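You will see two complexes here that share chain A, one where it goes with chain B and one where it goes with chain C.
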Partner chain A sequence: MAKLGPMGFSPYPAAVKEGVLNPPEGKALLFDEMVDEEIAMKKAARAMLTRENPTIFPGPQVLYAWSEDAKKKAKLIKELADVFGAKIIPMYDYRPKYPKINPEVEINPNHPNLTIWHNNIKACIFVGVHCHYANVALKIIRAETDCFTIALCSMEGHEDAMITLRDQHPSELEKFIEIAKEVKRELDK
Partner chain B sequence: MSFKIFQINEEFVDVMPKEIVELQENATWGNPKRGVIDLPFHKELIEEHSLCAGCPEAAALRYIMASIPAPEDTVIVNSTGCTSLVFPHIAMHTIHSLFGNQNAVASGIKRVLEYRYPDRTKDVIVLAGDGATVDIGLDCTLQSFFRQERITTICFDNEVYANTGGQESGMTPKGHVFKMAPKGKQFEKVPMWQIAIDSGCHYVARLTVSSPKRVESVIKKAVYVAREVGPTYIHLYTPCILEIGLNSDQGLEEMRSKDKERFEFFEYVSPAAAEIIEKRKAEGLL
Partner chain C sequence: MSNISAQEVQYNKSGQKIVSPDYLLFEAPREKFFMTGSEAVKEAVKRASVDASVSYPITPQSEAAHLIGELWVEGYVGVYFRGESEFGVMSEVAGCALAGARTITTTSGPGTLRAFENFPMWAGTRIPVQLVLMARGVNAPLSIQPDNLEVGFLLDTGCMIWYAENAQDLFDMILAGFAVAEHPSVHVPVITVVDGFFVSHTREAIMLPPEDIALPPYNPYKAPMPVIDLEAPPGRFLRDPFVMKSNYISYATHASWQFEVRAAIERSRPYAKHYLRGLIEEFGNPDAEIVFVATGTAASQAKEAVRLLKDEEGVDAKVVKLKTIRPFPEEELKVATKNAKYIFVPEFNVVGWLEREVRKVLYKHSDAEIIGTPRVAGGMTMPAEVIVSEVMNNLRVK
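Presenting the complex of A and B:
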């Protein structure tokens, strides 16, 4: 599993079939390696700062103001996007849209590759997407594109992302923003 | 479930597609007096649909979605058929069940919602075609009526299995010929509205969708009665214009002609249901 791309059908239908499992508490997943959260955050920040057209895909759990936590996360995600100079393309719901999505402004879990192809996105962050749909979308992206995927998950993570950060709540997002700023300084950007 | 789920965080309003922002700003959430009168002025809960041009089912769905008293607290259970092509595009909670078992699924959902949200009113509406409701799903439909499940069942009757090529259904009138039924129907149309009454439904209506206000009225009555009394059933004529050889602008005309024939407006109200309807009328909700 631990390969980036290439474009075309993935020979690996699911990371878990390759024995890649979600990280335990306090750890993160970097491809198929368990690493400390800070290391994964640095790698994620570097990918977002160095690869073409970095994009954040916020899902319904952070797009809508349904809880205080969601409101806080929205502010932090916006700040994170500013640090990375990343575009934000929402995955506002999971309905298969008729006749097709507008890949310029939206992403859909049923064919996320269309948005990635259209915008030539080489690094992306999934945040606030419900587990099942994140899993589906991340598998499709890994199979169909050469995009570097990062999952900021508030639960146990997504082994199909290239970097998985689990238990990501507002305090962890604040930490990620600080690390991103640090990496940005190191890269002299 | 709450209409708060449609309130977009202000940080993301600028990146959300226009139609989603409109759902928050201009749809009729939290207003039990919403109705078909809102259609030209407010955001509809159906964004787009993939039905044929001029399909009466599309009109029916638009009227129903505009009339449901509390869409933010409603779950729709549907079944395979032309209608199921629309449900992915509506801004409501919907569940696609196996063909024919929609009333069983809805019964379970209603019970769980009552258990999970004892202080809130949750409506469950079944919306399926005549094949799912009357032919293949008759068992589940009737059993839910016998058990007095507090759900509303809406049958879209196009009198044929339309999207599989035109096989006759139990709802096809006697003698009708379809592409896959060349000999003509050999027995009478199943009087489902009468069976619903005999099986314990407290509010039953049979109509076409030629009159939006009438559709609104029966939907609201059925939902309010189902909330407090027991099962309700609405039988709607939504002809398949392709299968009966009409053009896309002839659906309304077809329904109007059947208003005077086998789909003449018919309404049954049980005494318990009549009480609820009077109460809601007094509250200005009907």
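Presenting the complex of A and C:
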């Protein structure tokens, strides 16, 4: 089960070892619980609106205009960031950098904890990151930080995130934006 | 897909109708044929919309590799060539898969070891390559006989490992293998094992769906890593040659990466359960206190031993056949052996790798005595009578 807060130095936790698998189609994963997508979206919005330094980490699949979906998603992610008042720090390159990344402006899957520590990020969204690199990074973040992680995945999800939403295409992102606005109103923000 | 309308029909590059894996495996009408395991490989590949295959001869898989070559001549396989060695083959296969091709290859025994460095590389690069391993064993002096020692070496490479009992299993597993391995959350290689000679070279009845239908083509853009596509920006520059710069990767990444590969195998469970109709198969009296846990031909022989034990000795027994070794069907095995007093693990290798696996899983979960016998190697056969004799001798001693 993905727990909030550092899990320890090593071994790096993998939720599947605790019996947590990705949600089936139409469902989302909230820690180790299968829930309806709307419930997970509300919890995700609340985390992004109430925790310090919320940040969206967009990956190459939404950073580059390689398909019509990617273009639509990129615009929607900017809108989502506006609703949350969140920073956008891209994961634009998966290659390790020598001697080190600049954590102010980028996040790298090989040491994502550096960016989270540097910016004191307490809630984040992964979107458009290829699944393998998202999974590698989410395990490290879970092990090394107390950041609340949310995965908006266009495929089958990421069980190492605290909240994972699967099959997230432009229509689902539009729905998430509406839910985020609603939660923001409820919080009087 | 069975009620597909004319407007929706799509064809692959070979002109076969594309159908869903469920339709191909479970719903399509089947006709009976009489063929070898090697020929079953050809029939499966013919229906798998395979883009590329690389071969290298080694007994007993040479015929299967050759028959895939014939499929290339017939237009069913996109690219086919012979590698320079097994190491070359497995590297070239990786190249094909990294470029987005559905890829299959075959090998046996020492060829597996010659290629070995590539298997964890396949898993680490998250390519859904399929290797059909026709097991032959490893020994000096060189053995070319049935033996599955090399499977024990492959267990921790990060690849899924499935084990076919007969030609029918092999045909179905090859098709299911692609369907499971290519799930975006799984996307690790699948090694489909079958016992060389016993299955590769013997003819048996096999039920095949029509040859004018095939799996949907592989979509590399759903891969968990960017496919190498020189035209599309996400893939164009995001993937270094795999080993380069590895010293700049944190230890944390190397650890997380390896956990992630193993996690991917775990994610395959629900899909494998679906397409293989369960990770285990039981045969015999479900409540029997004598249980054989076996794979492949050893499971076939154990099934015959169950019949002999009942008919000639009046002893109830059952077989738990494991269809997958990675992922290992842990929960299924615990449930299937809950009444067991004696668990026999018959194997075609000298080390008893399956016995080790069974002991590990059942440690503190079963009071049964686990007996790693009969164990044969180097090409010896395992007659059902020998299995019966081992059981009766053990029971008499108790």
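A few points about this structure:
Just so it is clear, the second predicted complex is superposed on the first by the 183 of 189 C-alpha atoms of A that agree within 3 Å, B and C clash if a C-alpha of one lies under 4 Å from a C-alpha of the other, contacts with A are read in each partner's own complex, and residues count from 1 in each chain.
The rule is simple: a contact is a pair of C-beta atoms (placed from the backbone, for glycine too) under 8 Å apart; a residue touches a chain by one contact, two chains touch by 3 or more.
Since the structure is predicted, the reported quantities are computational estimates derived from the model, not experimental observations.
In the superposed model, A:105 lies in contact with chain B only, and not with chain C. After overlaying the two complexes on the shared chain, residue contacts for A:58 are found with chain B alone; chain C is out of touch.
In the overlay built on the shared chain, the residue A:130 is in contact with chain C alone; chain B does not reach it. When the two structures are aligned on the shared chain, A:78 is found in touch with chain B, with no touch to chain C. Taking chain A as the reference chain, the count of touched residues is higher for C when chain B and chain C are set side by side. In the overlay built on the shared chain, the residue A:29 is in contact with neither chain B nor chain C.
When both complexes are overlaid on chain A, the residue A:140 reaches chain C alone and has no touch with chain B. By the document's definition of touching, neither partner reaches A:150: not chain B, not chain C. Within the superposed three-chain model, A:97 lies in touch with chain B and with chain C [touch as defined at top].
Looking at the shared chain after the overlay, A:179 reaches neither chain B nor chain C. Counting contacts by the rule stated earlier, residues 60, 64-66, 93, 95-98 of chain A appear in both its interface with chain B and its interface with chain C.
Interface of chain C with chain A (complex): residues 126, 183-185, 187, 222-226, 232-234, 237-240, 245-246, 248-250, 252-253, 255-257, 259-260, 262-263, 266-267, 269-270.
Residues of chain B that touch chain A in their complex: 2, 4-12, 15-17, 20, 47-50, 88-89.
Across the complex, chain A meets chain B through its residues 58, 60, 62-66, 70-71, 74-75, 77-78, 88-90, 92-93, 95-99, 102, 105-106. Those residues of chain A that touch chain C in the complex are listed here as 10-17, 21-22, 60-61, 64-66, 93-98, 109-111, 113, 130-133, 135-137, 139-140, 143-144, 155-157, 159-160.
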